[in-house]
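Following this line, the structures themselves.
Both of the next two complexes hold chain A, though its partner changes from chain B to chain C.
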Partner chain A sequence: MADPMRIRASMTGDKVEVKVLMAHEMETGLRKDASGNAIPAHFIRNVTVTHGGRTVLSAQWGTSVSRNPFLHFRFKGGKPGEKVTISWLDNKGEKRTDEAVIAGG
Partner chain B sequence: MRIHRVLAGVVTAMLPCFAPAQQDTLKEIERYRQLLQESNPAELYEARGEDLWKTRRGPKNASLERCDLGLGPGVVKGAYVRLPRYFADTDRVQDAESRLVTCMVTLQGFTIEEAKRNPFSGTGAPMITTDPFSGVGQRSVMTDLVAWIASESRGMTIAPPMSHPKERLAYQAGERLFYYRAGPYDFGCVTCHGDEGKRIRLQSLPKMDNAKDAQRAFGTWPGYRVSEGELRSMQWRMWECIRQMRFPELEFASDASIALITYLAKKAEGGTFVAPAIKR
Partner chain C sequence: MDAKRREVLKTGGGALALAAAGIIRPGEAFAQEWNKAAFETKSVAETVKALGGGASTPSGSIEITAPDIAENGAVVPIAVESKLPRTQAIAILIEKNPNTLSAEFEIPAGTDPFVSTRVKMAETSNIYALVIADGKYFHAVKEIKVTIGGCGG
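Coming up: the complex of A and B.
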C-alpha cells in the first residue's frame, strides 16, 4: 500500500488552491541496479481530482515526472469546508485516493 | 601606447561587472531554493517517521515513544537542536541517529547490527561497492525517524550543550578531525570548508569557522536532495564527505562521526534550525 499523499487546499480569492505531494518511486525503467539489471518502470499514469462529483483535473503522466511528485493547481467553484478528492493510478495498477477539506483563505 | 591605454580602460571598465553578476547568480539560486521549499518531499518522510516512532516494532514489540533524546523520555520537541549531547546511560556523547540506535536496542530489543542496518535510504545512493547503503527503492527507518525528529525542532535555535567534559572532548576531537589532512589526495574537511567563497560547480561551500555559513549548513540538514530524490541525514553528510575525500569508510554512528557533528553543531550555535530542508 502506497503512503498517503499530503494535500493542502485553501481559498485564494474565489479559487481553490491545491498543493499535493505524492510519495511515489516514479522509476523510468531506464536505470540499472548495482548488478546491472534494469529496474522495471514504475510510475503514475493517471491523476484525477474531483470536487463535489465533478472532475476538476485529469492528467496523464509519464516517466518524465520526478520522484515524489508535487502538483500545484487552482480551480473555480469550491468553498471552504468542502472536500477535494485526489486519486492516482500507476502502471502496475496500484492506486491511492486521498481527500482534503478546503480551508478558508 | 594608445591601444594599450584603451585596452586598459576596457579592462577596468569590465572588472566591476564580475562581482554583481555572481551575486545575481547566487540570488537566483536562492530564489530557486525558495520555490523548491514549497514542494519539499521531506514532508513525506516526516510523516512516515512520526508513524514509525509510534509503531510497535522489534522483538520487544515496543514503540519508541519512551525514547530519551536528551530532554526526557518521549520528548521530541526541540530535542534535535540540543544534540549531540552526553547521555549518562550510555556514558557517551550521541547525536540524534546514534541515540535512535540506542533506543531501538534498549526499548525495541533489536541488536546493534539490526538497528544500524540501512541507515540511509537506498535509491540514488552513492556508487559504492559495499552494502548496506545501496539497493534500489530501499527505505530507511532511520532516515524517516530522523526526518521527523528534526522537523520537531524547526524554527528553533541551535543550542548544543557544552557543559559535560565528554561533550567538550567530542568537540575537540571533531575539530582535530576537521583539520586532519590525509588520504591519496591529502584532503581534509578544511580543504573545501576552510576558505571563503569556494564552490563545487554551482554549490557554494560553507566556511565552517564562519558562524553564518556553519549555521546555514548545520541548520539545513537533514535535507531532501532533489538530484537524488532522497532525504539525507547529517550522518550521511559526514559519511559522504569522508567518502569523497577517499578516506576509509566512516562508520555509521561512530564516535568519529559524532565528534564531527558535535564540532559543526557548536560552530552553528545560535543559528535558526530550518531542516529538513530541500537541496539541489
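Coming up: the complex of A and C.
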C-alpha cells in the first residue's frame, strides 16, 4: 500500500487552491539496475479529483511525471469545511484515495 | 460562468459531441481509461493527432511558467495557464523525451485553466503546452536547458 498523499486545500478568494504531493516511484521502465536488468515501468496513469460528487480535475499521466508527483490547480464552488477527494490508479492496478478538508482563506 | 457550455456538457449529446471531436473516446467519460497510443507517441505532431487533433495553432494566450535552465532533469517544475475561452484540456509535451506526451489534464467548467506539476526531462528540449479550447488545438513552446538528464540510469 502506497503512503498517503499530502493534500492542502484552501480558499484563495472564491476559489479552492489544491496542492497535492503523491508518494510514488514513477519508474519509467527505461532504467537498468546495477546488474543491467531493466527496471519495469511503474507509474500513476490516472488521477481524479472530486468535490461534492463532481469531478473538478482528471488527468492521464505518462512515465515522465516526476517521482513523488506534485499537482497544483484551482477550482470554483468549494467552501471551507467541505471535502476534496483525490484518487490515483497506476499501471499495476494499485490505487490510493485520500481526502482533505478545505481550509479557510 | 458559461452556462451554455455547462448545459452542453451535462447532456449525453455533449459527451457524444466531445467523442466525435476526439477529445474523449466512447466510454472514457465513465471509466478510467488511459490513452496508451498518445503516451507512446514520439513527436509533437503525433501526440496532437493521438489526442484527436489535426494540427495545433501557436497561441499567445497560453503561458508556460518553467525555468530556463533545469539543473536536475528529474524534477522540472512546469505550470501552464490558458487564457483561451472554453479551455477543455491542457497537455504537457516534451519534444526530446523518449515519449513526447508527459501529462494530460481535463479541465471541467468551474476549474481554472491552470495546472502546475513536475516532469522529467532526458535532455535540453522544447516543451509544448497543448491546449484544447472550444474543440480547437493551440500551443505554446518554451525551451528548457537541462544540465543533468532525468531519465537515465
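One rule holds in what follows: the second predicted complex is superposed on the first by the 105 of 105 C-alpha atoms of A that agree within 3 Å, B and C clash if a C-alpha of one lies under 4 Å from a C-alpha of the other, contacts with A are read in each partner's own complex, and residues count from 1 in each chain.
The rule we apply is simple: contacts are C-beta pairs under 8 Å (C-beta built on N, C-alpha and C of every residue); 3 or more make two chains touch, one makes a residue touch a chain.
Bear in mind that the values here come from a model prediction, so they are computed numbers and not experimental data.
Trainee: Figure out whether A:Ala23 sits in contact with chain B (first) or chain C (second), or with both, or with neither.
Mentor: So A:Ala23 only meets chain B here.
Trainee: Between chain B and chain C, whom does A:Gln60 touch in the aligned arrangement: first, second, both, or neither?
Mentor: In the superposed model, A:Gln60 contacts chain C only, not chain B.
Trainee: Counting residues of chain A in contact, which comes out ahead: chain B or chain C?
Mentor: C
Trainee: Check the residue A:His72 against both partner chains and state whether it touches chain B (first), chain C (second), both, or neither.
Mentor: A:His72 contacts both chain B and chain C.
Trainee: Of the two partner chains, chain B (first) and chain C (second), which one does A:Pro4 touch, if any: first, second, both, or neither?
Mentor: first
Trainee: State which residues of chain A lie in both footprints, the one left by chain B and the one left by chain C.
Mentor: 26, 31, 66-67, 70, 72
Trainee: Show which residues of chain C lie in contact with chain A when the two form their complex.
Mentor: 1, 32-35, 38-39, 74-77, 79, 94, 97-99, 101-108, 110-112, 114-121, 150-153
Trainee: In the complex formed with chain A, which residues of chain B make contact?
Mentor: 38-39, 41, 43-44, 47-48, 123, 134-137, 226, 229
Trainee: Could you please specify the touching residues of chain A with respect to chain B in the complex?
Mentor: 3-4, 6, 19, 21, 23, 25-27, 31, 33-34, 39, 66-68, 70, 72
Trainee: Mind pulling up the chain A residues that touch chain C in the complex?
Mentor: Going by the criterion above, the answer is residues 15, 26, 28, 30-32, 45-46, 48, 54-67, 69-77, 89, 91.
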